[in-house]
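Order of writing sets the labels: A, B, C and D. Residues in every chain begin at 1.
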Amino acid sequence: MKKLINDPNQVVMEMLEGMVLAHPGKLKQIPDTTVLVRSEAPVEGKVGLVSGGGSGHEPSHAGFVGKGMLDGAVSGEVFTSPTPDQIFEAIKAVNGGKGVLLIIKNYTGDVMNFEMAAEMAEAEGINVAKVVVNDDVAVEDSLYTSGRRGIAGTVFVHKIAGALAEQGASLEEVEAVANKVIKYVKSMGMALTPCIVPAAGEPGFQLGDEEMEIGMGIHGEPGIEKTKIQVADQVAETLLMKVVDDLQLKESEKVAVMINGLGATPLMELYIVNKKVAEILQEKNVKIHDTFVGEFMTSLEMAGCSISILRLDNQLLELLDASADTLAFKR
Amino acid sequence: MLFDVSGAKHWIVRLNQKLQEQKKYLTSLDQAIGDGDHGLNMARGFQEVVLKIHDTEYKDLGTFFKDVGMTLILKVGGASGPLYGTAFLKFSMELKEKKEINGIELGEALSAALEGIRSRGRAQLGDKTIVDVWEPVVDLMMSEGENLNPDELIRLANEKMEDTKDMEAKKGRAAYLGKRSIGHIDPGATSSMYLFEALAEVLKGESYEE
Amino acid sequence: MKKLINDPNQVVMEMLEGMVLAHPGKLKQIPDTTVLVRSEAPVEGKVGLVSGGGSGHEPSHAGFVGKGMLDGAVSGEVFTSPTPDQIFEAIKAVNGGKGVLLIIKNYTGDVMNFEMAAEMAEAEGINVAKVVVNDDVAVEDSLYTSGRRGIAGTVFVHKIAGALAEQGASLEEVEAVANKVIKYVKSMGMALTPCIVPAAGEPGFQLGDEEMEIGMGIHGEPGIEKTKIQVADQVAETLLMKVVDDLQLKESEKVAVMINGLGATPLMELYIVNKKVAEILQEKNVKIHDTFVGEFMTSLEMAGCSISILRLDNQLLELLDASADTLAFKR
Amino acid sequence: MLFDVSGAKHWIVRLNQKLQEQKKYLTSLDQAIGDGDHGLNMARGFQEVVLKIHDTEYKDLGTFFKDVGMTLILKVGGASGPLYGTAFLKFSMELKEKKEINGIELGEALSAALEGIRSRGRAQLGDKTIVDVWEPVVDLMMSEGENLNPDELIRLANEKMEDTKDMEAKKGRAAYLGKRSIGHIDPGATSSMYLFEALAEVLKGESYEE
């Protein structure tokens, strides 16, 4: 394991300290927690937005804390949901009197821990709403299972719900728009290499020199299938078509595109993937309103990418374009 | 059979020993069908529990297991934190102010713990989760009561853990794998087996080294 | 070699196409070239800024094209300086009548190719000035050799010279401030793993499981020494102290800090490095005006980082803080 | 000895063959003390040159080598593009409108090419660059003139290339390595050796397969 770290068991705390030291004007840490909030939190008269999850997905989620997006981010151990007390601290810290929206990625652990935190907050009289992001079309959507995972599409939820909250909307309105984004955003990913959780010291799975994993999760969970490695155009087509079909995208609909790197994939490769994605969408006469290429929801140093498509109506388009000032997303 | 605070401590310390020893193994099970942190999560959580209970004098089982449950909730995270944490919290609520209990009461309290797991995780028998060990084991304890044979408990816990191998996961992270989850033992079922194995060993009166 | 590409010989062109498809409102490509310029180029009455070099350092340099930074970026083959004709095309495309500044990283190839392009431009009556960035303190500074390499510190040159140009300054003034930044910025890097040039198909160098390379260049050129792998705090201290000593930083001076990832290093690790860097600077009573953590000047999928320190006087501080709107640097 | 457009074409085609064959080797030399692209750069550039000259009828050496030089400048990039490109451009300027030249004129034109390399790259003898092959070889051609023994040229080019092994680089990317550059043959010196080897083979009148 080759990593620029000190103690594998201290990576989260040291990272958070390093973040606050780097951006003292933007972020503050709630003492003795893994919670980072906007330096001006709580913002009076604004719905507070809290997201979080295991660490190792940077810049998610603290990178999206700031004006126009999140108010607070809670970090668990690497790839492990944070505990309810930490989430509760975040809720208290961002509550400006108008209630708090929890943006949860659909993993059993996250859902349960955020639920417990919401129960704690409600017991203290804080109005809390929860939305659960499940954009990963690699996983079958079923009532009888855990359902689909939340992956990179989550960033669009932060952006759009954050923009509406910034305008002073009510908790119900912010929750509703978040749920609309969740309905309209679908994603799928693939990996060329695994990643190593620092405390584990070994890769979470193995891929041969000629293999890739299609439908990869963002924690090293295996995907739909291992296949022989394919060229970028083929990968782009496989992922995109699955997403487009699931969304049932129609001609002349407007979309936003996200080509998300999982950690070790050079920007060069992400743009090569985007070339094919844009070409296919243009062929289908889908209107690309905007494209985001870079690292938004990573898996440590995993090589690979995910493609997200967000269907845009007028409301979502306007909120997507609204200004945002966070470390990893500025408009 | 009588189970008191001293037995309870033995149980938890013994469980922690097993979890520390099996940390890598549990993690490797989770790597196959999950995200490879179950061993780390359990080992981290129970280490904290043991630290917590080590220097405290507990007057009754309720306060003891409340500390166990709360510590797990606060230190584990992931799926296993809320599940095991809730289980021990519900367990502790059944044992409020009890100094010692018999086999029947133990079974009833564990049954409440299982209810906590079920309501938190909404998993059913056959979903390839910790429920697949808990439910049959708790059933056995409830039906045997004072006549429980600890060796039978160990045998059953192991058998039910093994049975998860052929199941297709419906809940938890392994569910994302669909049919690819078949052929692997569930990590949570395995940590639950250790939990009951440790309990049975304490019930048998085995001594242990701290 | 596991890469999300199609044809190893087409990576640069496909990447550039993917970039323009992603950001049509911001970037345009000069037809049949590897030149990307601001969509509004040439900006009349503004000094034009052109940088570039081999590809593989993304987001450098096209990611810094936009308001307040560069006007144009020229991409060569991976790790290979672009040819003079391409650079000449960029100069012509951004010349708004006030002359063009070429920001060159100090590599023999870049210097020679940009020089030839400047000669071509001057022959056509375009006023051209050149600055050569050489911030890498890993290399000995000597009159008798090629001197020091240009690495991540180059981004500060883009930022500050770009800000002054945006204010309408003359070519001489923009050149002068660029040279001041060059004097005041020093950097040093290290690598944990090598990277693979697509057309080569094999890593440029080898590092054992327990080895790292200190003083690494950004093209897989070996550094000062191979050492046993060290913890993040030690790495941070080694790199930072070399930079600080070279700059002869004194108490209560103001600086900007850049912790630059080389491609595969997770943001988590960069922030862990920043923690130590900030602590050391605070101990020395150096004032950190701002910190930039992320990928600015990469080496494909190399794991590792570089640390840059820029000494700030009032002019530089103001220009660093000025607004900028590019893909990879927004203020 | 007479050198005309046909000989010139043979030279360049032969050189390209060598560069394509040695692409990996040159790249491996550049990996050791540079950035590992020298073979790619040279192979890409001369492939383009050969494509360019293939279908063109050249009336004189000047226009022929102008195309060679310009193509290298436009297609190679890096350090080797401007250096080899400038060399062939200067070479072509000496050969303006010349249909054929003798050994003395060839030496003089190559001397002008070397001057081009020197003024572009500012490297001196001993700096571990292409100059370390070019300078002694051009000196030999200048002093031998019509009496040049092509085998002696090949021997000298190889010897001078080998000599770069013990040098510490002062120019080019290898200079960043300082003393660590010692012990490796310079990639550019090696491609220059192929250039002169190909020339000598043509001068000897060896036939070749296109």
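One rule holds for everything that comes next: a residue touches a chain if its C-beta (ideal position, glycine included) is under 8 Å from a C-beta of that chain, and two chains touch if they have at least 3 such contacts.
The chain lineup, named per UniProt: A, C = Dihydroxyacetone kinase subunit DhaK; B, D = Dihydroxyacetone kinase subunit L.
Remember, predicted model here, so these are calculated numbers, not experimental data.
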Contact-graph distance - origin chain B, target chain D: 3
Where chain A and chain D overlap in contact partners, by chain label: C
Chain whose average C-alpha position is farthest from chain A's own: D
Computed distance of Cα centres, chain B from chain A, in Å: 32
Interchain centroid distance [CA atoms averaged], chain A/chain C, Å: 29
Whole-Å separation of chain centres (CA-atom averages), chain B against chain C: 55
Residues of chain A touching at least two other chains: none
Residues of chain D engaged with two or more neighbouring chains: none
Touch-based graph of the chains, sorted into line, ring, star, complete or other: line
Sites on chain A touched by chain B in the complex: 54, 76-85, 107-109, 112-113, 115-116, 138-140, 144-146, 149, 197, 199-200, 204-205, 217, 219-222
Chain B residues within the chain A interface of the complex: 27, 31, 33-37, 40-41, 44, 73-83, 120-121, 169-173, 175-178, 180
Chain C residues within the chain A interface of the complex: 2-6, 11, 14-19, 21-23, 55-56, 58-59, 63, 192-193, 209, 212, 229, 231-233, 235, 257, 259, 263-275, 278-279, 291-293, 295, 298, 300-301, 303-305, 330
